[in-house]
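I have placed the structure first, in the form of structure tokens, so that the comments after it can refer back to it.
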Amino acid sequence: MGIIGSLYAREKKIVDLSADFRLKDSLVYEEWYKTPHKEKKLLKEAVYGLPELNRDEIKRAHLVANPGCYPTAIILALAPALKNNLIKEDNIIIDAKSGVSGAGRTLSLMTHFPEINENLLAYKVEGHRHLPEMEQELSILAQKRVKIIFVPHLVPLNRGIFATCYTSLRHPLRYEEVRQVYKDFYQEEPFIEILDEGKFPQIKEVSGSNRCRIGLMVDKEKKHLLIISVLDNLVKGASGQAVQNMNIMCNFEEKMGLEGGLS
Amino acid sequence: MGIIGSLYAREKKIVDLSADFRLKDSLVYEEWYKTPHKEKKLLKEAVYGLPELNRDEIKRAHLVANPGCYPTAIILALAPALKNNLIKEDNIIIDAKSGVSGAGRTLSLMTHFPEINENLLAYKVEGHRHLPEMEQELSILAQKRVKIIFVPHLVPLNRGIFATCYTSLRHPLRYEEVRQVYKDFYQEEPFIEILDEGKFPQIKEVSGSNRCRIGLMVDKEKKHLLIISVLDNLVKGASGQAVQNMNIMCNFEEKMGLEGGLS
Amino acid sequence: MGIIGSLYAREKKIVDLSADFRLKDSLVYEEWYKTPHKEKKLLKEAVYGLPELNRDEIKRAHLVANPGCYPTAIILALAPALKNNLIKEDNIIIDAKSGVSGAGRTLSLMTHFPEINENLLAYKVEGHRHLPEMEQELSILAQKRVKIIFVPHLVPLNRGIFATCYTSLRHPLRYEEVRQVYKDFYQEEPFIEILDEGKFPQIKEVSGSNRCRIGLMVDKEKKHLLIISVLDNLVKGASGQAVQNMNIMCNFEEKMGLEGGLS
Amino acid sequence: MGIIGSLYAREKKIVDLSADFRLKDSLVYEEWYKTPHKEKKLLKEAVYGLPELNRDEIKRAHLVANPGCYPTAIILALAPALKNNLIKEDNIIIDAKSGVSGAGRTLSLMTHFPEINENLLAYKVEGHRHLPEMEQELSILAQKRVKIIFVPHLVPLNRGIFATCYTSLRHPLRYEEVRQVYKDFYQEEPFIEILDEGKFPQIKEVSGSNRCRIGLMVDKEKKHLLIISVLDNLVKGASGQAVQNMNIMCNFEEKMGLEGGLS
């Protein structure tokens, strides 16, 4: 936030990895981040940098707010269902699990090895900063106020976000119908993979890559839709997505530099 | 199941760690365990071995069915709320996480170190064998048919069950009210701990012990009750609980042999 | 060091977990710990608190210097061989591996979870503070100047010291002969276990306990003796040994409070 | 071994990842691998596929025996010192640590997650199959019989070989002299890195890459040379090296496909 103004004035193309331009409402920002927003006038210029939703705007943008790792996993999981009005917007529960690098490199007792190794904990249960960012973008998709329950957990592994999303179908739907909506929604997307019936993604499958993998299940009563999405918080959840945004902004091949991955 | 009949005939006191006498309905057993039940007549003699709910019956029992690890954590988490009719019985979502010893000692690719280390996965999403056991006991508590959504996950640590339970309050309640119900329900229990407001339990806190720790949160709208419970699947979730049952059956001091623990 | 003087003056029995009274020579202390020694006159009163070597002195002591975790594992591994003059004192190589709790609870980048998980490193290769303590005690045992090569490594697990000790036999010996020396040396010791031929100890076997387990191998040429010892750095390597020393000093049963353990 | 003969007859270029053509003496092979060698006549055609030592022969070879993971790390660590006669060939001690994927994908209790997680163990202490392969190649380098002490350990992480090599200098040498020998020996090598004084490599630095990093230390008495080398057992220790050999055999750019890596 401190340097974006001068970069913007010099007509640089900017991908900001911080949270400073993700929230459209500076009051919400100030409430969650406990600091005054210093570049309010740029907020309306900023584009939320999720290419699967906002590719055209990113292409024209000068300032892209790179999404958080949880929001990337969770918005990608819910977007097809909300956009197509498949699920109720008032009964969405997200149980999210993050590898420890998701908590950053700042030293803390919570991320001290003997504290989190052989441990598992829920944190910021009463409110995580990524919550308003998710609700903002999900509400845009649903074209109505979406409110989610979001409980993040820290698990003893280095990389990865695993989001288990519990939702209620607005009308009964068969698995195949839901899956087709998801396949259509992401059909051109190089980094999104919708799994086959009965398959659910694992963190290992996306480690080191820019991919997001999504598995779906409809229960027997056709009332509930379970969506599981996984990504690597350091790649699709951070720097990989930043490179993807840069590629789009600069008219480079979108996948350039992003096709590797350990698995 | 193969030897229980003859032991029972000899008037031995039996704590069975298998699932053979947990389900009261042999048809449900046969559906989930894919094997005929060979001791149907003993099913009505068996007591479900959760001391916090059934201590008096355990005291008189000759055959105790020791609960599974997930059911122990989850029934203990939900019992006060269901028994006291605080929550809706048709919108209960359990996102459960288990250490790898919970998957048993039989070798499998899923539990091969390089497969699950640095990984996290959901398994048996379409139906885990502990589901009917939980729904049976929860329905008894609620005195109506309880149906839950239950998604178990495997996480790369040795021991521990972590159950995040998402429920809907039947009527608006303040945190203090819910907590008081939980405190009252478990007030005499040596192994159950209800945490203070804003505190949530971690696996590390129960590792090696027979304890179950439970944290609670009511959301601002007083509509949702979040319950998190943790225990060690090898102790309170298996052999520790078996010892506790034995102590009760034999009129030993209930805590005998169960007061240790690493933490 | 700051409070020991006044405690000592009041005739308290003291077990000091710090390194302040382990080194008999205050100059060596000041060289390694970079701080002046404030209680030099008490150094000659202090007893090195390794019960297997100094039980009688500990019994009479008012001030016991509790050994470091590496020294406990390594001195116990080498003592029978050095005391009985089996090995050369000038070609002893110790490759030691420690769980992360051995590095303490102070936050550091080295012990930040994502840095050490999935990693392994050697540290303080050019000189670890436990080196002079080990050489002092080993020299007393051998009754000549012992100099060792000691390389500590940090491995991604919580607890445990694993010391692989490479030594040269002074004269050819069969495995059985060496083992008998070790069995005799530790025959009365409740916490030391000498393994059978072809067996080597694992960290898991001592985790949570006050035990030290030792495995031995003599090579075909009968020139080299390999000694592997393991212990839990938080128990036999720290607080467990302190309790053991307290028990001895106070004429309590030596094993009191120390018979548990996870494995 | 079963199909190499027919492939060779058809003039294919072969990189064999098995151990079948690593040992020049079929009797040694049969002693360690407990199976008759079926292609003895091809043994003299096979080239040991360590490009840093045998690049010219690999270029002309039709059959390359890809080295084991331990031998790659350890031969690269010792080659400059042995080739230049810096160290004694009869007092070399290798304390090696391997990630669990080094033990292969075959299920075993040793690699079952709850057995090796939070554990550390030495295995095949009385003789690992990679020992004759290492002694063969090291003896060629030294032009005399080299015999090493080699103790492999399994550590709870997925990938990586960490070899701590303890050697005795033939004549006193300063660190800078040794380092210069190493720098000269590997000066053209794209995948070998010799670290600066006081620096030692970590597994994390090579994870996912084809690199081998080597750190050196000479003790104050200039009697001992400590060499630490690390590599990723799945890349430089296996498939990466196979690709490197293929590139050389096929006159491709040697680094093709091998420049990535997580770190």
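Which chain is which? They are A, B, C and D, in the order written, and residues in each are numbered from 1.
Quick note on the criterion: a residue touches a chain if its C-beta (ideal position, glycine included) is under 8 Å from a C-beta of that chain, and two chains touch if they have at least 3 such contacts.
Note that this is a predicted model, so its numbers are computed, not measured.
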Open item on the list: Going by the touch criterion at the top, tell me which pair is linked by more C-beta contacts: C-D or B-C.
Closed with: C-D
Task: Furthest chain, CA centroid comparison against subunit D - done: B
TODO: Would you kindly tell me how far, in whole Å, the mean C-alpha position of subunit C lies from that of subunit B?
DONE: 42
Task: Averaged-CA centre spacing for the pair subunit D and subunit B, given as whole angstrom - done: 50
Open item on the list: Based only on mean CA positions, could you tell me how far subunit C sits from subunit D in angstrom?
Closed with: 33
- [ ] For subunit D, write out the residues touching at least two other chains, lowest number first.
- [x] 117-118, 156-159
Task: For the subunit D and subunit B complex, residues of the former touching the latter - done: 99-101, 105, 107-109, 111-114, 116-118, 156-159
Task: Interfacial residue positions of subunit D with respect to subunit C in the complex - done: 91, 93, 95, 97, 115, 117-122, 125-126, 149, 151, 153, 155-160, 162, 164, 166, 198, 200, 202-204, 207, 215, 217, 219, 224, 226, 228
Open item on the list: For a test of understanding, state which residues of subunit D touch subunit A in their complex under the given definition.
Closed with: 118, 208, 260, 262
